[in-house]
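Per-chain numbering from 1; labels A, B, C, D, E and F assigned in written order.
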Amino acid sequence: MKLITAVIKPFKLDDLREALQEIGVQGMTVTEVRGFGRQKGHTELYRGAEYVVDFLPKTKVEIAVDDSLMDLAIETISQAAKTDKVGDGKIFVTTLDEVVRIRTGETGASAV
Amino acid sequence: MKLITAVIKPFKLDDLREALQEIGVQGMTVTEVRGFGRQKGHTELYRGAEYVVDFLPKTKVEIAVDDSLMDLAIETISQAAKTDKVGDGKIFVTTLDEVVRIRTGETGASAV
Amino acid sequence: MKLITAVIKPFKLDDLREALQEIGVQGMTVTEVRGFGRQKGHTELYRGAEYVVDFLPKTKVEIAVDDSLMDLAIETISQAAKTDKVGDGKIFVTTLDEVVRIRTGETGASAV
Amino acid sequence: MEDLTQLAYAVDTFYFLVMGALVMFMAPGFAMLEAGMVRAKNTSEILTKNVALFSIACIMYMVIGYDLMYAGGMMLGPENTVDDVLASGGDVYYSARSDFFFQVVFVATAMSIISGAVAERIKLWSFLLFAVVMTAFIYPIQGSWSWGGGFLSEAGFVDFAGSGIVHMCGAAAALAGVILLGPRAGKYNEDGSINAMPGANMPLATLGTFILWFGWFGFNGGSELKLSNIDEANAVAQVFVNTNMAAACGAVAALILSRLAFGKADITMALNGALAGLVSITAEPLSGTHAESMIIGAIGGLIVVGSITLLDKLKCDDPVGAISVHGTAGIWGLLAVLITSDDATVTGQLTGLGAIFGWTFVASLIVWAILKFTLGIRLSPEEEEAGSDSTDIGVAAYPEFKG
Amino acid sequence: MEDLTQLAYAVDTFYFLVMGALVMFMAPGFAMLEAGMVRAKNTSEILTKNVALFSIACIMYMVIGYDLMYAGGMMLGPENTVDDVLASGGDVYYSARSDFFFQVVFVATAMSIISGAVAERIKLWSFLLFAVVMTAFIYPIQGSWSWGGGFLSEAGFVDFAGSGIVHMCGAAAALAGVILLGPRAGKYNEDGSINAMPGANMPLATLGTFILWFGWFGFNGGSELKLSNIDEANAVAQVFVNTNMAAACGAVAALILSRLAFGKADITMALNGALAGLVSITAEPLSGTHAESMIIGAIGGLIVVGSITLLDKLKCDDPVGAISVHGTAGIWGLLAVLITSDDATVTGQLTGLGAIFGWTFVASLIVWAILKFTLGIRLSPEEEEAGSDSTDIGVAAYPEFKG
Amino acid sequence: MEDLTQLAYAVDTFYFLVMGALVMFMAPGFAMLEAGMVRAKNTSEILTKNVALFSIACIMYMVIGYDLMYAGGMMLGPENTVDDVLASGGDVYYSARSDFFFQVVFVATAMSIISGAVAERIKLWSFLLFAVVMTAFIYPIQGSWSWGGGFLSEAGFVDFAGSGIVHMCGAAAALAGVILLGPRAGKYNEDGSINAMPGANMPLATLGTFILWFGWFGFNGGSELKLSNIDEANAVAQVFVNTNMAAACGAVAALILSRLAFGKADITMALNGALAGLVSITAEPLSGTHAESMIIGAIGGLIVVGSITLLDKLKCDDPVGAISVHGTAGIWGLLAVLITSDDATVTGQLTGLGAIFGWTFVASLIVWAILKFTLGIRLSPEEEEAGSDSTDIGVAAYPEFKG
């Protein structure tokens, strides 16, 4: 099983959720984060003094999937989150050793 | 060393913390997240217009543990977070290559 | 590729960002979290009743780096985040199976 | 006797100033209500608009509007002298300045109404330019027809404190703006369904509503224009009580209706209901009985719930419900005068309603259109997505709180 | 002379209306205070309750309460005519409507007190039904005993502006509700320890307190009921100063005590202290010296800190401290009259205290109990956990801010 | 005739009390403005300071300040009797208590100014001790020189409602504190650049500003001190209108300037601009024409933007802009009197300006220095980093919202 972590533009979340549900993803976990990448922050003035907004608001989506679904999921995320502008975000994949559904105690693929 | 990530119902956090402390877990990191799973969101009305709350508030707890403590920790989390209702949450386990305690520079198991 | 996750004191974030940029880290993702570790929470009084603040505000920084940059990055983070007081935080390292830059579709090292 | 006249003049002037100060306090009422009903990312902008529009209204009405409406003189004419007053045989009984002060806060009220309806997508400076024209010309010109002694007052049009002249007028200008602006991005789906966009801060919305309720005692209570004898004092008290009862019944009616229609007691409907009750009674808070005022207010509260839902169906996007509260309930208020006042006629009321609405709507449409095709009135999609705070103001309303 | 009488009538009426408007403004004061002191998830609900209870109080007091309390007529009797006033030789000196307006905002105040104490666990509609009974019957009936000329006024009970009749009465009804409701889930642990549940928004709580302080000038200042000669004007000014001094001393005393007792200057205690000072002086803000008023207020501020801590020990859960502020300090206020007023007697004060508290507590307990065994008064554990905003209102107070 | 005198006395007293209540309401205005302009972690503390300083001002001015300033008697002297008033031939025309009430809220205003400038780094209790000295001695002593009939009133110094005596005085004490305190940690970089530290809550800042604007009608309008004849009533109305126009022009001027200078319409500058307009006109809101008042207010609005930017360059850290709004604009107001008033002389104004500023600054510096070297005035770096809410108050302002 894999954990796919995508950092995307916040307003793309709904599209992403819909696209993932269509391919059969059953769950995801979302966190508001701030990001920093090729897309640089910007400078604002407050009462005449400059301040730099280094980090931009991003949304992090974590999705545990079975290995079989991994490629499709990455493909789907890429499509749904793309605006072709800098700051579109990144996808990170790590290996999950174990998954447990707390309610039933199920583990492994059936718990995803 | 393993990183155990549990997504649970927010009001279960205190029970979880106590249970984990009892079995000797020394640290954890908590994030407010929003989740989506078997437990579906619900529809609200605002000024007569519907809006769907797709994501429900959840709490994510990350706990780095030594391999030896892993099974007990998973067991403990499952127990503490269980309400037997849908939405109880999930546990994900990944392998940690390294852990560093910043203050002392300790690494590996002694840093957990 | 590695995913370095550092949990640090919030006011150290700017120093950390600068230090990492200097060694060539191009991106990072920041989350506000609450932590619990050797550094214990404290007790406050509200209207005469005690309440325990178990969790302290921390900042979690996630940085995907190429394997080659890993040691330097860990070193840099340790330096930048250190105050030599309890609660300085921890660094966790996991292996990334894959990284994708959504905008361009690049994968692997060049996507980091 | 002369001293008594002097003292009565002082009392009436003081009454006018206090009532005017209460109406001025409606400015933060609107600001808080609107700030509570928009999303966080457009909050600084709507606050800025409210501060600026109040200021602009004061300036433009001083320079030109008051003269257009009451022939009161550009920059105001001379103050009443003691001799004038004593010689007037009671006709001149309060300070000319106090009259200006009371009137100017009404202009600002009309303008505040517009700000909420066009929120979350309008360009700040185009809005402020509209405010200049509205407060200098559009409002005063129609105001002169009735309160300035023009043709509507002769046609027997009855509008005690301005359900039509102030509230429906503001709503008409707002409606013109909303039509030319279009709805907020993402508000209506292609399948006809509506996306709710909840306001960011209910305590502010509630505070704003209560402040408006409080200020309305000045709005209606001051519109009696005189206090200093038994009959006048009784009249002012009657206005206070009727105003309060209409608001109370509007709130309760809207709350119950929203519970029945939507399953939950939508607080924003209760707030709009209270305001709708106030707008409804504003056209005639004096001559009706308390029972009549309660019914008029309650119907206002029911109407506003229906109107908000209907306008949303028509894809007329009004984030705070201003068009329904001030427009729909304002029309109801003008018609309800026929129940309570013997002076009002169907023709008179309909003439006033049509004239005010028609003039304001058309004149506003033209001004909004000119702005649209010159400076533009709408933020770009990217600006709207980022929020007008970041685009126009540069200062977030709640920079430390995560949205 | 006749004109002078007319003008004096106008001035007294105006004074009454302005003071009444200030008291009306206490409604948002309570709303903001309570909204600041509850947790975010119950904020929309408490705001809704405050809007609705004010409205209900106005309606029920108009329909029946005012008649029960003052025999003022259901839907109010006729207004004073000019002839009545002139013939009365000074006995009739203000508009009957202005009297109603002033009185009705007092009922709403009493009811607002209850809303805070039962917050975060009560069912909205059961609360609103209680409000109907309280404002139509329970409050007016006890009010008639003293202000309506009943047996308490004959027993020599002195309560100038209502430390007992308004504040302790509200607190007694609240106490009955709190006892039947039980504490909020998770508030008290089995080992007897208390979990603090900090209020979500201190600026709102502070704003609410300051608004109440401001409104209290109307509450106490208007209770002199007459202004139009030198002695009366002096009396009103005296009331203003004593009211203000008691509040100031209550705030400072509570702040210092909280610093000494808890180690930090708990802002919520300073706010409650100011209000306790105000409640304490309300029973007699006129006849005491400034020094006496300061001491009475300061003691009120100390008492409230002790009372809040004690009630918490007794597992009597009152999220905003309403029972302590209005009840405990109200009792102190009634007793403090014995220091400052020559008219008051121990028997008189204790009779009043006992009668008001006893009646209100028992009558409220019965009504709450009926509600409990019919509709239910308490949210289910799941609803309470989710918050009453999501259960009863459907609109979150701060939907964009993460908790 | 006697009855008329009595009624006029009542009217003037009532006018004074209403105006005083409006000024009292400026206390939450300052509290909300400051709470909105500091960072979230220092919000409970600044709220506590505002509640406490208002209370302390009331207490100290009652005990000693009013006597020092007006020889009004410690704990106030006796009230005017009916005979006194009637015998005075019009010289005694309002209640002595109403005078105290009006004056005491001015002291609190001066003290409120200081609270904002020293925010986010001062120790709570040291600040409160300063408040004791300021309101008991520093303010009343300089106040006695002009309003108390001292040498400045003889030198022909004109300051109608206190641009200098209240506002610049507060700013001078604030400046002394800011100099001894130093800037907030992290505010100025070694390379001379400035780190903006945005205020946490713009709706509160806006609400505070509007409340202050509203309260200012009492501040300036009440400073005419008499209302009860035609000329006085006209004067009060003139003051209302000029005050309002200056505020409006200050807001617009600052908004436009910030748009031109910084590229965006900085709301905080518009708010400061409105207040600067108000401060500017406060020294003479009566004798100028409306056009003059508008220009004076607009210049105030421009000045404040420049002053804020300049002070920041000078590393004089004032989180809310209080020194610029009340000090710089206050000085401008004192000088602007030369344009509008025939009574004012350059010497008189400069003497007053110098005397008030000099005394207040030096006396404050001494008191701040004593506090600094005894109790300490500044939080430790750790405490400042954690925020004064956690250090001094123990209650977070927004405990549930993530920063």
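Here is the rule we use: a residue touches a chain if its C-beta (ideal position, glycine included) is under 8 Å from a C-beta of that chain, and two chains touch if they have at least 3 such contacts.
Since the model is a prediction, treat every value here as computed from it, not as a measurement.
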item: Chains touching both chain B and chain E, listed by label; value: C, D
item: Pair joined by the larger number of C-beta contacts - B-D, C-F; value: B-D
item: Centre-to-centre distance between chain C and chain A (centres being mean Cα positions), rounded to whole Å; value: 18
item: Whole-Å gap between the CA centroids of chain A and chain F; value: 51
item: Multi-partner residues of chain C (at least 2 other chains); value: 31-32, 44-46, 94-95
item: Contacts with 2+ other chains: residues of chain F; value: 4, 7, 11, 18, 198, 201, 207, 262-264, 266, 268, 394-395, 398, 401-403
item: Contact pairs between chains, per stated definition; value: A-B, A-C, A-D, A-F, B-C, B-D, B-E, C-E, C-F, D-E, D-F, E-F
item: Contacting residues of chain D [partner chain E, same complex]; value: 1, 4, 7-8, 11, 15, 18, 22, 39-40, 198-203, 206-207, 209-211, 213-214, 217, 221, 227-234, 236-238, 240-241, 244-245, 247-249, 251-252, 255, 259, 262-268, 270-271, 274, 289-291, 294, 398, 401-403
item: Residues of chain F touching chain A in the complex; value: 193-198, 258, 261-264, 266, 268-269, 305, 308-309, 312, 321
item: Complex contacts: residues of chain E adjacent to chain B; value: 385, 390, 394-395, 402-403
item: Residues of chain D defined as touching chain F within the complex; value: 3-4, 6-7, 9-11, 13-14, 16-18, 20-21, 24-25, 27-28, 31-32, 35-36, 43-44, 47-48, 50-52, 54-56, 58-59, 62, 75-76, 79-80, 82, 85, 94-98, 100-101, 104, 124-125, 201, 204, 207, 392-402
item: Residues of chain C touching chain E in the complex; value: 44-51
